[in-house]
Structures are given as structure tokens and as C-alpha cells.
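Chain IDs A, B, C, D and E follow the sequence of writing; residue 1 opens each chain.
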């Protein structure tokens, strides 16, 4: 690479080489139209992109090639080249109209590599008047990921960064919470860590898609349909698989493995049926509200509201109703619950139906919020478990709190961390919180002895 | 996999067993079918030509990198004594199995790997590919962005071998040309939400955005739309070209442009593929990415076998370069086979372009096509750039 | 005879091939208070669990007021008026005391108000801490909750598995008095106890269980003074003591 | 019809992948089956071991033995980092923390910023050079068709099974010693063990390290014939490992090894059978659908297995009556 | 009563927190609160060495919590205690046990999927084979293992668990678990054994024979601190009794003395715990020391039911005669 001296030194490495070469080649012009290789110079203002005409630019290359050109009215000029290779492009700063400034620091002169058969290889100069403070934007400098490296003045403020992330984190957290409640309750009532719960979510999403997409039903009906079908799926699963296994007295860990198997089987069944691609339900994706930096679609807002309403409803059912209390009793001690006259099987069946329904609607809403795939549920399963654990296993409210924390951390962390580490942030938070409260945020410890 | 043996061909000829590891599952599964069908088609064409070589194909799944399927598929292919393996599509998957294949003395020829990593990878010359390194696509894409007038560019790219390589080369082209990367955001290939990433990408108000992904683009463009982005400033690449199609109605990305290595698939080829597809009982194809390259890969292997008069991996690797460059040009298998039979040095130029292998197994020249979307998410071939990597 | 509960040749067990109950025959007449005692591991808890449908019954029958209920599920039995206090794991740890008691009236929520009064009278300690989670209670407090939960149901047949274990002496006595009282009010009771003398005092009849069989039976008092039962099971500690309350213990 | 898939499937009996999973599963059995540590992050241990091995071998050019030691040290360090804060957690919480830790490893190694070191999402290729250099077997193809092995295949298979044998014996001996008794006691109730004067924390840590090192060694065996790919150490791998130990019997030493063999053989067989069915148009499926179908089969097989033999192939039936 | 003993247990005036001549465990101002509720608030207590001390008190008095604190299973809000002269506060549970202070749990903790014999062996201390490196070399620990097994067999015989030695602990009945727990604790030859209601749920005859064993252990120098609600047992073997109520030590003394203490009787024992409950009079008498409310209830019941009234009158006649 040629040295990139910031000063307007007249001699660059390339032009130094060129000196002893024969003078006859000097200023020889090659017709850019017919040349197999050419460089396209374009001089513009950095601020408003306006073209700057009449600026002198010299292109020099090996073998003594050199060509002086002047930018046209559109700021452009094309330089025909004798062949592929490295060329030095230098802008004559004295020819720049007064007040238009100088090229961005470090860009003049510059080496441009031209590959064979490349025409119009761009060699642009952006003129800026902001001299001293141009500490940034040296070409090729590695920029910090996830954030802009351009001048601080134009960079977004922390507020602008934070608020949209809080919004999307909150929405995602709420969606996650809906999906979590089923896991939490099923774990609570049956002790089963259901690894196939993700597939209930996927199922809901797919059903939502089928209803809204191919069947062309309106969105709200599709979402309600997903809720109903999710409940049916939960019921069928319990009836066809889990109940017989419970009857057989299969222990929890083997049951968990059954759920892993079920998850695999269902997930790939979805793939066979719905294909491996991403499915998108018809939706109005333009922003319904623009609060400063926050852009939300109407489906995002409605989704969030539906989540909140459903979560409140679940809370009410669990805390206040007889069946809700029975659910918690079953989760504590099945034998004793039965001895208290609770029909344990019925409670578990209800939990499956409810959990399936909530997962179903969560899936449908996730389909609207993001997109749906055959493995959508599986890909958020870890987050579901993390949220449930964070809140305290088996406590439905814990799942809510955990979900929102996870949702927020995933999004907010991207302000400081590379985006591909966003799950890491959430998981680290999970670990840290569990270190401080090993029983989860809302979990309670029992006594020893 | 399905074995397309068939056709009791010219009595005493050679039998070439090839396997494929192409994505039937995983994040590239949308781009698997065109390649899979093209391989079947090529085998059928070769066998139909009846020139003393029969090709047997065993198709296996490559999955994606999150499963270990590729390794297993390769193990099984190697054990069934294939002498060449076509695949994988994803560069990362190829990297998983490249050593395993090379150590077995079997040729691996990928129709779609574009990561520059392979150009310098020491595989004892058992690794080849018919798709050009992203040094080329990156350059074309980066320069295209600049030529369209954008100088402050954001890149949103998927963090894998392919994304990394393309990202590096796009970045180089843009900064070399005097532009600036204003936001450089990578995402996990398995990410499910992109709002933060898109937010970061758009925060510095770029003139253009380059998105390097696989089918995640379906989830990415709505975020752009919600943020009120103008899609004429949107650029994509081979990994996500064709993913958005007229059935995708939520976002109209009219004006978005995509690069894709290779030439536009010819109508003739497209209709032959369609016939093959229906014969195989598979779903009709909607994209043709890397179908020509896959077809050519099979043809080149068959030619190399004819040239070397043997079908073992070493013979194949020793003759691949020879049949691809220097000599009399031929554009179909039948023609090239005739030339070889006549003892003429052949230079096969296939459906995907003027394939001529360098010693490292890379094609030296290639076309990069540019496609542009119109309203209704139809896309049209715009132009193509010819690139030469030999210098 | 009006028999409320009867088991005939009951055989039951946990592990395949291992029978814990080997043909057990017991019955409870209406309004009767029957005690079951026996060495550790004799199968007393197993018997109660078998009656209550929580252990596999391999052969034999259980009948409730003449109706066969063998293997019927627990919640069905509750509907039929059977209450059960298990020996261990007898509270819902993450529910509050109040919620534990509510579970007692799960099938008849209307009766809650009335029953809770009755129960908190019985165990005033509980009444004061209705909001405490049962999981944090002391051993004896748990036992009170467990007993109360069963009493909330107001059953017509009550199966009690060592209700006095872990209770302080006064609470034990109180429990026995209460059981007697409840019994006098018409509830048939089957009580398993290790605090055997106390239990036999209030029982109309008793069984000594040994190795899954009803080895001896008789009125409470006859068992208490049966030398075989004393030797095998009751020991002489308590009697010794009653006789020699003020004898100083000889320490080493 | 092409029936080579049958011998081929049985070729999985010997494959390095089987060995790698057998070792990692054995490690998981130490954690979970014997010690009751619900470790859902065994893939993380594998990943760490693999990276320590590959980075030292490829980037620093360590000789094989040194890289192997590095892999072990890596696993030990990871065990400490993971164990010091988390071994106090209840089993189900531990499971989530370990799964999270494994995912953290997987995401972190792929960070582009440290890609020069870790290879980013490409992983690291070529770590077997030093190992192959030790190969005394003359080059060539060995075995009976269709099971032909190159000299380097054979070398890793021999060394791998040697390692399985030695480490299996070691674990077996440990588990029937008083040390193993303490570990099993902790599985049942750690407070009780504590009350008997055993340093539960230290024992758990030892078990975590032992199992982790086994996982790391498994990863080394698995990556030598192929390459190190971060995505290969995702949660799916841990699930497969659990499947394997439950298949074989979680509280046995032979179980994980047999489980691994069966798992891979069955996976391979299912693929072969499907191929035959599809190719001969016995089932109406296209090649593209065949990929997912085998996972459906694996999933269903897994369920059936657990349903009909919950204690695993070698486990004691008795244990399942006292549910975990 | 040990007043006759040559050695007196305490120094100075008997009362809560009295100094002991030879204490093995001394605790000072130990408190533990849960929420607003103070479960333990012990100002000073000393446990005499080589004696059997009973800790009694109403349900919820804080006995178990106090055990948990002393043995490191729970953290106090404040407080200090020494064992054998060494500070013990803040020492983790396993180290407490290693120093010879072993406890059992009120709610039993058997190691379900270990056989009864393995449970027992686990109780032994200083096992060479429990070191991971030595564990690999069986010849280093085989002899010790044999000795432990023999010892375990002997204990199991005493606890009537020998026939169950190869069964999983999960298959024991409630009482058997209690027994196993205690036997296991004894495997370690503790200096101070702390038993939390060891005999609750154990059948009386067996209890009786085990008491003999405990006395034997005391002869060999062991100190016992136990919580128990069975007064027969307390009176039979305890040398000293400490009474706890509402977290505090409210009385201490020789068993016979403490049990005559009116406060203890009122709060805990009841004056009539030897009265036969089989009669209404008996029940009334006992009810009198429990709760006036209960008495009232009983009387109401009697007056409502002529049969009962008759029965009561008859009984009273009999006793008067």
C-alpha cells in the first residue's frame, strides 16, 4: 500500500517511481469508453453531496502511466487505464473552489486497486470544511461494531439508542412471558421440564399464519384461532402422550427426554409440512406510531396490549380462583391434592390446555412481531427457560418478571455489545441474578431439616 | 439420498460415483432445491449422452452448522465409495467437512461456497468450487453501491464464514473508493429478532445499506420498512437474493438491488430444471441460485474422469483444471466429451460462465449479476459484471 | 353391624413381586374409632394409602359402606366423604396456611367460613399466621396444618396416619381429645399411631399390624395389656414410667 | 437396491464421532447420572476443550500432547468458572445456568472481534496435524469394503477407543469407591451428606471437573478427523448426549458408551432405510423431505425408547420405581 | 435425678443459661428472625459434656432452627458459639460435622437411591477412599471399607434394619427412615450427636431398646443433645433438660425438677399427661390444662347429649369411690 500522508506532499511513492520512466507516456489519455479498465473519479461535498466541478485530479500508475483530468459538471470524470493494477489518485487541493474545503483526512492521495475488467472503479473525494476535528473516518479503519464511527456530532444520542430498544425489549418480553406461563405451570403442576413447549409456540405461529395467510382471514381472527388451536394441541398432547405416561409412572427425567424427542419430531414435521423457509403473515408493516426514535406498527401495539390483558387474566385466575389455587396445590404435592378432593388429572389437563393456548397465541403474535419458521419456538426455548428460571421455577409471576428482564437485556445490551452477543448479555444477567438469588427472583426457599 | 443411476450406458465405460451434501434442512434450505435438481439434471444429461461414463448420484443432507449432519452425511458418502462430493452450499458447513473429505482422497466441489477462506485453504487440492470467491462479489457489490452515489454505507451482516468474507470485501471496496462504513453490525445467523440490529444500522442515517444474510432477510426488511427506509438504498447479495418474492406481500422492496455470482439462468436451463423437478416429484423451484454452478460441477467431474480415464479422487483432482481452461471451447457436456474422446484439450465453459480453474481450485473469471426489484417484489436482471481474479 | 370401611384379603405393594400387605383384613363400623399400631415397616401407612387409592392393589377389595371402592381415585373418595392425613408430605409447602386450609374445602367451598372457625379454634396458633407459607413451618406446625386440612373437609370417615408425631405433649393430648370428640360427633375414624398407648386409650378397637397382616385385634384396652403385644410392640417404657414417675433416672 | 448402508451404519460402531460422544456422555453420566448435577452445558465443556486443543495446535503449533493437556486445562478452568458460583444452586437452576454458560461460550467464540484467534464462526481447521504426525500406521486403505479406513482414520479410532477403555475403567473404579458413594449421596440429598461431614462443594467440583474433562477429550476425538465448528456445540449436542446416557442407562459406566454406539448406528440406519424407501418410491417423499424425516424418526424413537425402557438399556429397572 | 451424682452438672444457681461445670458447647446471644418473627433468641446456653441433654419446648419454639444454626445449616442474624473451646459460628456445615458434632433431621433425609448399607457406610468419617486420587487405588481403602461395613452391620442390627440392608433407602417406611438417619449419624462416632426428634414415629418397643444403646454410647464418652416430645424418653435417659419457648431458653434443670416446673407444665407438658384419655373425665381433666375453650366445648357436648352426661356421671362416681 502506498503511504497515505495527510500533508499535500507533491511526491507519492508512485509518482516517485514514475519519474525515471520515459516521458512519452506522460499524460497519455486512453479512451475511457473503450478501455477494459477505468477509474471513475467523483468529487462531491461531504455535507450535501453536491457535485464539485473543475477539480484537477491526477491518476498515476506503474509503467509511468499518468493522467490529469478535471471533474465535470456532475463532479465526475472517468479515466481510462492501460491495465489492471494499483493506481494512485491525487486531488489537486489548489484547484478546489474556495470554501468547498479539502478531501476527508487521509483520503488524498489514495491508492486504488483496479482489477482486470473493472470499469469505473470508484475513486471518490468528499470535500469537507471541518478540518481539525476530522479524527475519524480514516478509510479502512475498523469501526466499532454496532455503532457508528462517524463524527460524534451526527451520532445518535444515548436516549435515541435506548428508547427504541426499551420499547422492543418490552414487547418481546411480554410475548415471551405469554409463552413462558405454560412452561412454568406445566413444570409446576407436573414437574416436567417440557422441552417441546417451543413447538407449541411454533404451532400457534404456524396456525396463525395458515389462517391469516393462505386462508386469508383477518388478523385478529387468526390470532384467536391460534389461541384455540394451541389449546386443542395442548389438550391432544396431554391426552395422547403425557397422561398415559403419568399413568405408567414414568419418572421426570425420562419424561423430559420424551419431551426432547417430541420436540425433534414435531419440529421436523413442521418442516416437512411448512417447508424450511421463513413464513410471513400479511401485515401492515408501516409504522403506526412514531414517538421520537420509536417506530411501532399497529400489530406491535395491539400485541403488547393483548399480552398485558392475558397476563392479568392469568394472574387473576391463579391467585383468586379455586382452580388457580388448585393448580398451585397440585404443583406442590399431587398426592395430597388428590387427598383434598382435587381432580389432579383434570387440573393438569386444564394446565395443558391453558399453557397450549397461551403458547399458541404467543406464537401467533410472535409471527406478527417477527416472522414464523418451523423452528421459531425451538430458537426461543432457551430464552423461555431462562426467563422461567430467572423468575423462580414454577411461579407464574416469576415467569413474567423474568421474561421482561430477559427481553429488555437482549435489546438494550446491543447499545454496548456487538449484536451477536445480545443473548450472551441476557444469559449473563440470568447467571448473575441467580447467584444473588439462587431461588430466582420470586422463588421462595423452604427450610432445611 | 436418491440414487439417479439409470440408463444402461455405453457398455464398458467408466462409472463415476458422486455424492452431494446440499441443504435439505437448515437456514439455507431454500437454496438447496435448485442445486439438488441441477445435480440430478446434470447426471441425467451425462448418462443420456452415452459417451462411456455413467454417473451415479447419492444425495445427502448438509443441514446447517448447528447440526452435525454434514459430518455424518460425508461419513456415509465416503463409505459408499464416492470419489467426489458436491457441496456444501454454506461455506461454514464446507469448512466442517473439508478435512474429512480431503483426507479420504475424495474431491469436494462446491457450487456455492464463496468465502475467500477457501482460496488459501490447504486441502491438498481436493477442494474445488464453481462459484467465485467473494473477493469478486464483494468488490462488485461495494463498487455498485458507490457508483450509485452512496458514500456513507451501513453493513448488516451475518456472522459466519460467508458473511465475514463478503463483509470484508465489500468494506474494502467501499473504503478504497472513498466511502465510509458508518455502521457495521453483525448478527448471529440464528437470531430471531433484528430490531436492535436494524436500529443500529440505520442510526447514522446511511446513504445505503448492505445486508448480507440468508433467509433472515424476510425478518429484516419489515424492520427497515417500519423505520421508514427507502429501499432504493438497499443492497443484498447471493445469500438473500430471491428469498423475497411476489408471494411476500408485507413489504415491497422495489428498488433494492442484489448481486449474485454467475450468469442469469437461461430459459432453456430453467425449463429443463422444471422438467427434472417434476420428474423427481419435488416442489417447483422459485429460485435458481447456484443451479448452473451445480450443473457445471457435475459436468466438470465427468469430464475430468473422461480425461483421466479413471474415476478415483486423485485422477479427478488432477484433471479438473485441465478440462476447465486452455484448449478448444465447448459449452455442453456432449461436445466436450467428444473433444476429449478425440484427444483434444478441452476448455469447458458451462452454464454458469467461463469456468477456468486456478491451481487453488477457484474459478478465475466469473460474472456477477445484478438484479433489481420492481414493485410487487418481482425482480429483474439488471446487468452483469465480469470479473477476473487471476490478477 | 354397619360397616363403613372394610378391606378383605388386601394384597398390595410398591415394587413388582414384593407385597407389602399380605392379605389384610380390617374393618371400621359406623361411628367407630379404630386404632392401628404395629412395628415400623409393618405396612400401616401402606394400608391407609391402599385404601385411599394411592398404592397399587394386587388383590383383595376395599369397600365403603358396602360399595366396592378398590383402587378408586382419591378425589372420588373425598367426594364420598373420606378424609386422609398422610404421614409425610402432608402440607402444600408453597401455599399459605390459609390456602392449605382452603384446599381442605376444595369440593365444598361454601363451607369454608364455618370450618375455618372450627379449625382455628382447635389450633389457635394457625389462626394467627394464616399468611405464612406452610413450607417454612416447624415440624409440629406442619402437622397441625395437615390435621386441620383434613378436618376442614368435615368427612364422614377419617384416615389418620400418625397425626400426633412431632407434636408437643399438650398438643398430642389435645389432638387425641379432638379425635375422640370428632368421633363422638359421628365420624368414623381409623388412626395409625406410634404413640400407641394414648391412641389405644381412645380407640374402640385396635389392630396390631405385623408384616402386612392384621396380627392381633381387640378392644383398645385389651391390646394394651396383652403381654404379646407389649413384648412385640408396645414395650414397657411408658408403663414403667407411669408406675415410677418420680424415680430418678440413673445416668452413666 | 443399495444395501451398503447396513454395514455402513455398523461402521458407526467405530467412528470417531461415536467415540467423542461416548466420552462426552460418560462425562455427563458422572455429572448427572452419578452426581445429580443437571448439567445442560456439556456441549460447553466440549467446546472449551475443542478450542483449547485447536487454538494451541493450530495457532501456537503445540505438539499433540501439549495441546491435549491444554484441552484438559481448559475444561478444568471452565469447570471452575462455572462451578465456583453455581454449584450452590438447586439442580434445575443449575441446568439453566449451565445451558446458558454453554451458549455464552458458543456465542463468544464467534464474535468477529476475536476471530483471528478463534476462527470466528468458521471455527478452526487442521488441528489434527500434530496428531497425525504421531501416526505409526503406514498410509493406505484398511478394512473390508465398504468399511475402508485411511491410516489416519484408523489411528484416531485406535487411540479413541483406547481412551474410552482407560477412562471408562477409571470412572467405573471411581464410582464403586467411597468417593463415588459420596458423589451418589450428593445426588440424593446434599444436605444429608453435608451433615455427615463431607465437603459437598468440593466433591461436586471434582465431579464437575472430571465430567468436564471427559467432555473436552470427547471433543478432541471428535474434531481430529473433521474440524472444530462452534455451531456443533449447541444445545442440540447436549440433548443428544442426554439421549445417549438415558438410552444406555445414566447410572452405569457402560451405558453412555453403548448408548452412543446405538444412537449413531440407529441414526445412520434410519437414514439408509429412508434412502431406500425414497429412492424406490416406496414412500412418496422427495429427497428434500428426507432430511427432516430422519429427525422425526429419531424423535419418535427416542420417545418410544423412554416409554418402553425408561431405565435405559443397562440401567436397573428398580431405580425407576423411585422417581427422580 | 443426678443430684446424687458425685459430679454436679452446673455451677451456681440453676436457671436458664446456667453455667456448666464442663460444657462442650457454649452459645451466646444467638438470634434468627424470619421476616418479623424471631424464631431463635438464645442469650446464653451451655451443653454439658458427656451428658444426655434434652431440648424440649412447644411446637414452633425454635428448636429445629437452633439446631440448624449451631450446625451451620442456617445463618444467624447474630450470635456466637464455641464447640470444645473453638469458635464455631460461620463454620460451614460439613466442617462442623468433621469436628465431631453430627446431627439428624426432623424431616428425614435418606439418600433414596443408595442402599441402606451404602447410606450407613457414607456415615463413616476419615475414609481414605473418599479422596478422588486414592479412590482409584482400591487396595488403599479396602480394609477400612470392611471395617466400616462390619460396624454398619452391627448398628443396623440394633436398629432392626439389618434385613433391609440391600434395599434402597427409598423403600423404607417413615419410622425406618428415622432409624436409618440416626444409625447413620452414629457411624461417624461423633463426640456430640444432635438428634432432632429421633423417636417420633418409631415404635415404642424399639425406642426402648435403642435408649439402652444411647446410654451405652454415653458411657463411651459421647455427648447427646436431643429434641423430643416423648416425655417418657426424656425422663428415662436425659441427664439435663433445657426448655425453649418462643425462641428463648426459659428453663433448665434436672428432668424431674424441670418437669415439675409449673411454667413448663402450663406451656408444654400439661399436668395430666398421664391421665387416661379413654374416659370423659380424663379428657376433661387434660383439657383443663390445655385450653379453657376446649373444656367448654366438651361440657357443651356432654350437656347436649344425655348419653354422654350419664357416662360422665358414672365415671365421676367411680373415681370418687
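Rule of thumb we're sticking to: a residue touches a chain if its C-beta (ideal position, glycine included) is under 8 Å from a C-beta of that chain, and two chains touch if they have at least 3 such contacts.
Quantities reported herein were computed from a predicted structural model and do not represent experimental measurements.
J.: What does the chain connectivity look like after leaving out chain A?
T.: one piece
J.: So which one's got more C-beta contacts, C-E or B-D?
T.: C-E
J.: From the Cα centroids, identify the chain that ends up most central relative to all protein Cα atoms.
T.: D
J.: If you average the Cα atoms of chain D and of chain E to get two centres, how far apart are those centres in Å?
T.: 48
J.: Distance from the CA centroid of chain B to that of chain C, rounded to the nearest Å?
T.: Chain B and chain C have C-alpha centres separated by 76 Å.
J.: Calculate how many whole Å lie between the centre of chain A and the centre of chain B, each centre taken as the average of the chain's C-alpha atoms.
T.: Centre-to-centre distance between chain A and chain B: 25 Å.
J.: Send over the residues of chain E in touch with two or more other chains.
T.: Counting only residues that touch two or more other chains, chain E contributes 64-65, 73, 105-107, 171.
J.: Identify all positions of chain C at which a residue touches two or more other chains, and write them in rising order.
T.: Residues 14-15, 136 of chain C each touch two or more of the other chains.
J.: Mark out which residues of chain A touch at least two other chains, giving numbers and ranges.
T.: 145, 268, 271, 276, 418, 420, 423, 447-449 - these are the residues of chain A that touch more than one other chain.
J.: Write out the stretch or stretches of chain B touching chain D in their complex.
T.: Listed in rising order, the residues of chain B that touch chain D are 1-3, 24-25, 29, 32-33, 36, 58-59, 61, 63-69, 71-72, 75-76, 79-81, 91-92, 95-100, 103-105, 115, 117, 121-122, 159-161, 163-164, 186, 188-189, 280-283.
J.: Show which residues of chain C lie in contact with chain A when the two form their complex.
T.: Result: residues 52-54, 73-75, 78-79, 83-84, 86, 89-95, 99, 102-104, 106-107, 109, 133, 135-136, 149, 153 of chain C touch chain A.
J.: Which residues of chain E touch chain C in the complex?
T.: So the residues of chain E touching chain C come out as 1-5, 34, 51-52, 56-61, 63-65, 106-107, 160, 164, 171-176, 179, 197, 200-209, 211, 215, 218-219, 229-233, 235-239, 255-256, 268-270, 272-274, 276-278, 282-283, 286-287, 289-291, 293-294, 297-298, 301, 305, 308.
J.: Please give the residue numbers of chain B that touch chain A in the complex, ascending.
T.: By the definition above, chain B touches chain A via 24-26, 29-30, 32, 139, 143, 146-147, 149, 151-152, 159, 171-172, 175-188, 190-197, 199-200, 203-205, 207, 215-216, 218-219, 222, 225-228, 243, 248-251, 283, 365, 385-391.
J.: Would you pull the chain A residues touching chain B in the complex into a rising list?
T.: The touching residues are 40, 42, 44, 49, 84, 104, 107, 110-113, 115-118, 120-126, 137, 139-140, 142-150, 154-156, 160-161, 164-165, 168, 172, 268, 271, 275-278, 280, 282-287, 295-297, 369-371, 376, 379-380, 410-411, 414, 418-420, 422-423.
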